[in-house]
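Below is one structure. I have some questions about it.
The letters A, B, C, D, E, F, G and H name the chains in turn, as written, and every chain counts its residues from 1.
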Amino acid sequence: MTLKVYLSGEIHTDWREQIIDGAKGLDVEFSAPVTDHDASDDCGVAILGAEADKFWHDHKGAKLNAIRTRKGIEDADVVVVRFGDKYKQWNAAFDAGYAAALGKSLIVLHGPDHQHALKEVDAAALAVAEDPAQVVQILRYVLTGELP
Amino acid sequence: MTLKVYLSGEIHTDWREQIIDGAKGLDVEFSAPVTDHDASDDCGVAILGAEADKFWHDHKGAKLNAIRTRKGIEDADVVVVRFGDKYKQWNAAFDAGYAAALGKSLIVLHGPDHQHALKEVDAAALAVAEDPAQVVQILRYVLTGELP
Amino acid sequence: MTLKVYLSGEIHTDWREQIIDGAKGLDVEFSAPVTDHDASDDCGVAILGAEADKFWHDHKGAKLNAIRTRKGIEDADVVVVRFGDKYKQWNAAFDAGYAAALGKSLIVLHGPDHQHALKEVDAAALAVAEDPAQVVQILRYVLTGELP
Amino acid sequence: MTLKVYLSGEIHTDWREQIIDGAKGLDVEFSAPVTDHDASDDCGVAILGAEADKFWHDHKGAKLNAIRTRKGIEDADVVVVRFGDKYKQWNAAFDAGYAAALGKSLIVLHGPDHQHALKEVDAAALAVAEDPAQVVQILRYVLTGELP
Amino acid sequence: MTLKVYLSGEIHTDWREQIIDGAKGLDVEFSAPVTDHDASDDCGVAILGAEADKFWHDHKGAKLNAIRTRKGIEDADVVVVRFGDKYKQWNAAFDAGYAAALGKSLIVLHGPDHQHALKEVDAAALAVAEDPAQVVQILRYVLTGELP
Amino acid sequence: MTLKVYLSGEIHTDWREQIIDGAKGLDVEFSAPVTDHDASDDCGVAILGAEADKFWHDHKGAKLNAIRTRKGIEDADVVVVRFGDKYKQWNAAFDAGYAAALGKSLIVLHGPDHQHALKEVDAAALAVAEDPAQVVQILRYVLTGELP
Amino acid sequence: MTLKVYLSGEIHTDWREQIIDGAKGLDVEFSAPVTDHDASDDCGVAILGAEADKFWHDHKGAKLNAIRTRKGIEDADVVVVRFGDKYKQWNAAFDAGYAAALGKSLIVLHGPDHQHALKEVDAAALAVAEDPAQVVQILRYVLTGELP
Amino acid sequence: MTLKVYLSGEIHTDWREQIIDGAKGLDVEFSAPVTDHDASDDCGVAILGAEADKFWHDHKGAKLNAIRTRKGIEDADVVVVRFGDKYKQWNAAFDAGYAAALGKSLIVLHGPDHQHALKEVDAAALAVAEDPAQVVQILRYVLTGELP
């Protein structure tokens, strides 16, 4: 059994690397959005031409990123969504809703401060973790039955 | 043609009332979440019994609210999601993602300050409006072909 | 908003009547299996001819009942599954699984004794109640926002 | 043609091993839940933290197990559900309902004592077998056309 | 509960009338193909212009009839397929397969002579009846729980 | 049986009126796009604000129109797509492809000049008509079995 | 591009071998039902135990065969259904309907004598061929663009 | 992550080759319709027999081509639709609608002259490009995060 896992959300800490490193040796295929913030913001105009209006600048980029994001979520068995300490992170919550509507197994990863604000997202999840090591332990348990 | 419209998101201003009032006479059926903040927060424990742990207190409530939210979104032709000035509003973004994955026509309603942070949500929408009157004008146009 | 509710499971107590009575005045359409135990057991052979073998006697009946059960579950917004004190009740758990796979909002109704044995069913539910009055309160809250 | 087969249900006898051994040489990929009873019961709290309340202890575990169970059932062509002599086994019946709603080919495996109680589950199945050797024979016939 | 029932198959006896008459007073909505044999054969060329080649004459007609047939089957809860004594009736078996793939509740109606030849169709059905009165009894039981 | 029919395509002749008039007395519910060319072109900027760039001017309008178009096609049993003598009419072909992918019964309406260019669209249709009167005859036949 | 092709229908001539031989060198994966008539008829009782009643004898066998048939059709890109000169062949027409409802590309293979009786099946097909060599030519053209 | 990309539309310039060449080294699997114009027009009659009527000549060919086209679009993650300078190209717009209804990521490729006429198609797309090199840049960015 290969588990396909999409890692959505926060791009400013190394939580993806921690999970990918921790899951070495497990039969997992990871995917993720482009995590280079500048590339992600500017990809639309860099490829398809400049826009005078910031809204359309962002719009073109967000749509290019959606090609990758949707592919990743639709192919995934498990979608992990990480909410960090900063920014609005509405795209993370959007991905969580998108994954939930497709019936994906959802794991939400956030600190205790966000507990109340994320209650609707957590309610749709099969696990709510606080740190990346727990996500690794979940993947190991799901694939092998081993507990930490 | 009856248009079923679900009004998701912010519960602290009267934007729903403005839209419902403005759409009087149009063939629209509106639905919405429970907008009484306290009832929404406490419904789980009020009905199903108290919880010592805040996480489960919230969890039980969020799940009861999901019965209504999912029914509303799944039955809807159009989902309007309002982002206000305050709070994290991750449930609004979650609803937007959920609606997008189901192929619903999405209208996002927010002020210009949130433009960059909502670019992924806006990219999935068929309209991005700044005030409730525009949403009414969209509903009128869609149903009757009349422009303001 | 009309809520379509299917009442699955135990047929030896009056829990369905309690819920239907309690929900008077709410915009709910209830459906349920045939609850006459003998008719339910014998419908197949009574209509389609006797069987020498008990397996096929039961098989013909179970399939006729499935016409009603599937219609009820597939049309429902909410499926309530009641586990009573007696019998194996595998059909109740089967209905719960069927409803879960279709993405229905699931409410499970059982006493505390069955908690551990029903943990997988409960984990797929949006509410776990212990008595029919709580189910009524949930339906009222979902439809009107009123708490008990 | 590779047949993907999920083996659901009883975890206290060696029926899975009998099927897997018997099917050696056939083009079958098997999957199954975690069958270590203690790990399965405690995985939630072992990874995500202890719970004072037994309901939530079980709830966390059942949800982690659901990540594996749903993946297994959704990927499967054939779902075999075994009902043993002991315990309520509602999770087995739940899996059967889940598989049936997804249109999976269902094989139910149980002794004659459970015949009447399982009639609704059997009615949704493409085969009802009494011992694991029959399941192997079915898999062999389906893949190769050979009869015992 | 309104049951939508599509009556597919043989058009040379009055079995549809028997069922519709027998079901008077029950909450059933019936639909059926055009049962005027000549109109059904010639509708394509009568409306869309003559064809020199019999294949295309038939083709145009069969496609117009498919507009009605698909609507009837897709809207139905229950599809009754009648196999009479004469003709190939491949369209009846085609409808049965179409209905089965959509997950409709299938009732097959045929005499004992056809039992072996229809075994694959019967295997997909929830009931196999020999005369129209049994179909009426099934509909009555499904809707009201009453046995004959 | 009510037939829901969406009338897509050309907006410069009165073919919709001919069909709607001809179908008087039949149980048909028609829907259609906004057919006021100027309103259809400018609705986006009229409601949501002017755009300097013609691409975005058109984009905003096309998306508002999509709310109505998708609702119409998704609700329809039958989609009629009319190709007139002028313009590119790519939106008509787009609607035909959209309807075909959803499994809608497709009727294409065009003159003989377009036969070769529309062969792929015609190949997905259940009827290819040359004038609106034929469409009316099809609807009458499908609903009542009457031929002209 | 690998094309998965299911070969349904007649089992008394060597049409499958002709197609498989003819398609050597093309990127096609073929599947088919069990074509040993006796094994196909008796598989149910041979594995799951004898039945006194011919109906249930056939029923058990037909259901086991359905495990293979459904897997074959559901995995296929193209379903070829062959109608021979003899027998009722209702299972072939059933498979055609099943495949059509799933949106599979359908190729029907039959002689000119059956043209009128198969008009509804042919109307759902993307090709109607008279001999196996034509099916091979279709597969070659679809995969390589080469014409005979 | 392998990206499956279907290249639909214009067959008279070398845009497909430009994209395929440009994407060398990227993990992309391309598919496309048969681009030999004569073979594409005549495949139906070449394989299945001549037709006196041009409509049926074209019809048979269009349906054979649909076997390949639907397979290509349904398997794809991304559908690129190219509109050239000549011809009606309704099949390109049909493919775009078909892809949109299936939720595929759509990239439209056309010159500025067609902007207004393609506004509905562009509105359903995640990117609108003017030359094949931009499509390559999009594929590279989606797969690797690299910008030009």
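Methods note: a residue touches a chain if its C-beta (ideal position, glycine included) is under 8 Å from a C-beta of that chain, and two chains touch if they have at least 3 such contacts.
Since the structure is predicted, the reported quantities are computational estimates derived from the model, not experimental observations.
Among the remaining chains, those touching chain E and also chain H are F, G. Shared residue numbers account for over half of those found at the interface formed by chain C and chain D, and the copies are therefore classed as meeting with the same residues. Chain B and chain G carry the same sequence, and matching their CA atoms takes a turn of 180 degrees, rounded to a multiple of 5. Chain pairs A-B and A-D differ in how many C-beta pairs they share in contact, with the greater number at A-B.
With centres defined as mean CA coordinates, chain E is found 49 Å away from chain A.
Averaged C-alpha coordinates put the centre of chain B at 31 Å from the centre of chain F.
Shown for chain B are the residues in touch with two or more other chains, namely 63, 66, 103, 128.
Note for the complex: chain B touches chain C at residues 31, 34-36, 39, 42-43, 46-48, 60, 63-64, 66-68, 70-72, 75. Put simply, chain F touches chain H in their complex at residues 54-55, 58-59, 61-63, 65-66, 69, 83, 87-102, 114-124, 128. Partner chain D is touched in their complex by these residues of chain B: 51-53, 56.
Against chain G, the residues of chain D that register as touching in their complex are 1, 3, 77-78, 103, 105, 125-129, 134, 137-138, 141-143, 145-148.
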